[in-house]
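Following this message is one structure expressed as structure tokens.
By written order: A, B, C and D. Residues from 1 in each chain.
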């Protein structure tokens, strides 16, 4: 099958969905120029400036505005250049987008997709590198999607746009230029479905976003030492496909969760809390978490390396898990 | 020892701080929410009119103003009133306040305290009932205190105002009328030291803020059924006294986490994950969480009660972990 | 106030609308005092003129977004008062099934889209609806109704800027009552008239007496016409009086003796009687009927069942 | 027009301007050979930053934006430390924790850089609030681009500054002409509906001054007035300095499109190339400053070249220093989260 890049998957999804649904509006800062990474390239040529709309640098208002448009008939796809900037639109996101459906007793729907770049890489520093999925997953009424492959980026963006809820669609900057198989025609991926990226019987490793790659690398190295790891990519973090995770853990008895966000209060905590409850008897060892340390994102490339866990840290956690001797 | 209400202890702490340190100024006046106790704050403001500042409804602007003032010599104590409004100031809190010290390699310090009233207060509905402490906990760069008694609020506040870090201070409106012993003499409670609010041997409960009181009530009832509950109140979650929690679980072998944040990625999730990882071998049964359900807080009273952690739910969870 | 160009029927229906709002708010206050309504209740006594005037100048398919003090606009738009009262009381028959309450009323079928408890939070939402309206091409307009306290919020400025840049069919309806929450506006800003900001962004603006329902109607009608014609946003600042405190349980900023001269409903009623457009008895009857309707609505609302517990977890996400 | 200062002081400003120009040029060259992440240069705005900050006193603070290098250099932060920080080395001012987007040097009056557009306006306002309430004779200067005026935080801040008569100066460097996102012919900006940026300030009652940001004398005079107001309890001032966007700043990543500056172009027009002629002949504020200095006879052209040679050598040395410096130990990533 033909290969494509992650960024092209996103661009393709936007082009195709806009063709199918005239209510879609792509909005954001500099979107008519393709945005900083080219995700919205070609949209304005295809659909004109009435459907591809540059906004001022007014995050608080453009988030709210997208919500207002969504509850009155449009289907906006808003680009927040870096997920860090959504902090400025947090009130509109948390107090309005997430709640309007519920507060109005289901009278309003908010079919809104917010795309945002996240993740560490290239020395962008503390205001342009965060992974904030735990915040969004903590807010009832939001869906949170974090694709890893180019095909998933395309398929899940299409599903997100078609969803009648506010979806945070998190694109890791370090994945934009990665290659992978193209999405097959008519293939769809529903929100809320995890996928097993690598089958294995000895331990389950769950990776979030770019950390799926880290988990796969770790799994390869572990295989050389006779440890067969199963690697799960949850793809959607809210709602979470707990069944796939738990059934894997019930087979392997071990779980390591790897994400790039700060470990404390991260999505890994939630997964660990749920798995220990759902598979307490089957767990042969404690659920291990591998996440970023409790610090802002540093800028120096040397410090970045320490901040983002690599395959070594995952392998180390796997070894601790396998070596664990459960007495009880 | 004399007895004070939570509100009295808090205001006494603020008064002593204003009197002892000229750099401390107060922005905002809803430390005690809109409860009858709020008159105490009014009295304090009347005593120190030049040290109080009443900001416009511009959370982003005035919280940032406090940060800037803190960076340059003042020690502001800012009140954001209802925690839900914190989201309007979110960029200044999470991007500026929390990062500045680290980004500047420690050159610039942000010695400030910001106060919020969190939690389900009754009829607050979805936009006035937040407990945002879990989201703050996922943001390195600030200390977080969540007192549960009159003694704790005053003692923790003293420490918060004396450190060079920003401190997030969350109170629960339903605690303000609660009475408790508070010594006359000056004292401070160090951060990162948990308090065992009740000793017990069968089950550990970890809880903060109002949930400590609710857990104590539940523990009292459980005791009459012969179940002995130990209640660990970390008091601050940054820094967190992990050792105290783990020691208690090592002793009881069972844990119930009681927390008012929403379930997913809540403070309760982190407590659970820490214990599941570091005290796994001691656990006789899975950790249960008694938390607010993953729905926006509904307005209608019976619905509100349905989603929040109640005494009955705590009792049930404790019984489950014993079975 | 001129009444000459308005038909007697129209004048009469203004008075009916205003009395209905007043009666509703009085009843809500009474029920709240009895502890049958939870939360913070922000009443709109004094805003009847703005609400009725605005509603009369707008179409049913126009959008209105309210703030925390928005009952009046919902009623003026034609929201069902029984469902409203049931929502205030947290009952299953409420507009939002008990999930929203007083601050989050929603009646989209009459164009009252939603209300927010966050000061100025509704302004960007209305802006988005204005974008939808323009795109739909049905000459709808979208209005955000807010108090003077919103003027100090950043989103207010951001929204004015965008509405102007994009020429959106948007109405900024400001109810300037001189109080931001508890404090006088002068404690919050040096800017007395929020419409000053509109000037900066080139948004046409007008300041009217909010106690003059016909003046409000005319100003809104002009703004609506401009919006429908594709000429962009307008700013209508209505100078009003908040006759009750910030919310129930707080004292009014006005003395009892002052209130009568500032009360828009009484002012309008007196005017109509003096001009002979209505008889005193008719006016009394309108007020009585309004109270009777509200009485029935309140009874039905309080008799309605509480929501089922299993409703709590529904509608978090739409399907 | 030259600032009303002694000849010696004017020449000191010239040196600072050349430092900034050469610093940024070296940085762009450095970025061509290695990945140093996203950065923004101050070329073309030197004659705003240098004279504006020249008047500050010890204890005054400046809050700046992502386009911050020029501001720090203008107040004397060593280039070597700045390069090191931008490269993420342990010899940088913040040991690699902040990088270009968050440069900070408390010693020189820069408490932090916020790279969120509009992020610093409340902070600068707050610093002024602290100065006032603590009775300190200090001034806070908030430096930002026109984009910050699109953020609500700015409106919230200036409202508070106006109410409280705070000693703060909002210095807006408007370089929006021909910026990315602008439609041809629209000024100040197609993303801001105000006809004039200072119109945004008018309702708040804060005095405004609009100047040509390439005119060092005008910047000097405006800042002098604003500082006097702030120090005498008269409150805030808003200055709009209209600068020209350097052609190399038009793409997302800076490019040395106009080449390394040959300062001799200031007095020898035969050296001006046809490409970017308008820039060199009219818009480049440093060349204009040099022409004004020469017209006053404050210095000979040869001495300017000598000054430039000295500065250029310093910059090369500073780059070498940074390149030769070590990266911080990785585990330092965990430190200094809290005080």
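Heads up, the rule we're going with is that contacts are C-beta pairs under 8 Å (C-beta built on N, C-alpha and C of every residue); 3 or more make two chains touch, one makes a residue touch a chain.
What you see is a predicted model, and the numbers here were worked out from it, not measured in a lab.
For the interfaces B-C and C-D, the C-beta contact count is higher for B-C.
The centroid of the Cα atoms in chain A and the matching centroid in chain D are 37 Å apart. The distance from the centre of chain C to the centre of chain D, each centre being the mean of the chain's C-alpha atoms, comes to 47 Å. Remark: chain B and chain D have CA centroids separated by 42 Å (rounded to whole angstrom). Residue positions of chain B with contacts to 2 or more other chains are 56, 58, 60-61, 84-85, 88, 91, 95, 99, 102-103, 125-127, 140-141, 293-296, 298-299. Residue positions of chain C touching 2 or more other chains, listed in rising order: 94, 96-100, 104, 116-118, 152-155, 158, 161-162, 165, 188-189, 316. For chain D, the set of residues that touch two or more other chains comprises 95, 97-98, 102, 114, 116, 119, 150-153, 155-156, 159, 163, 191-192, 337.
Taken as a contact graph, with one node per protein chain and an edge wherever two chains touch, the assembly is complete, since every chain touches every other chain. Touching chain D in their complex are the following residues of chain A: 29-30, 33, 36, 54-61, 84-85, 87-88, 122-128, 293-296, 298-307. Across the interface of their complex, chain A is touched by residues 35-38, 87-89, 92, 95-102, 114-119, 147-148, 150-153, 180-181, 191-192, 252, 327-335, 337 of chain D. Note for the complex: chain C touches chain D at residues 152-158, 160-162, 164-165, 188-191, 196-197, 199-203. Every residue of chain B that touches chain C in the complex is listed here, in rising order: 34, 54, 56-58, 60-61, 84-85, 88, 122-128, 293-296, 298-303, 306-307. Contacts from chain A toward chain C in the complex involve residues 23, 25, 50, 55-56, 58, 60-74, 76, 91-92, 95-96, 100-110, 140-141, 143, 164-165, 239.
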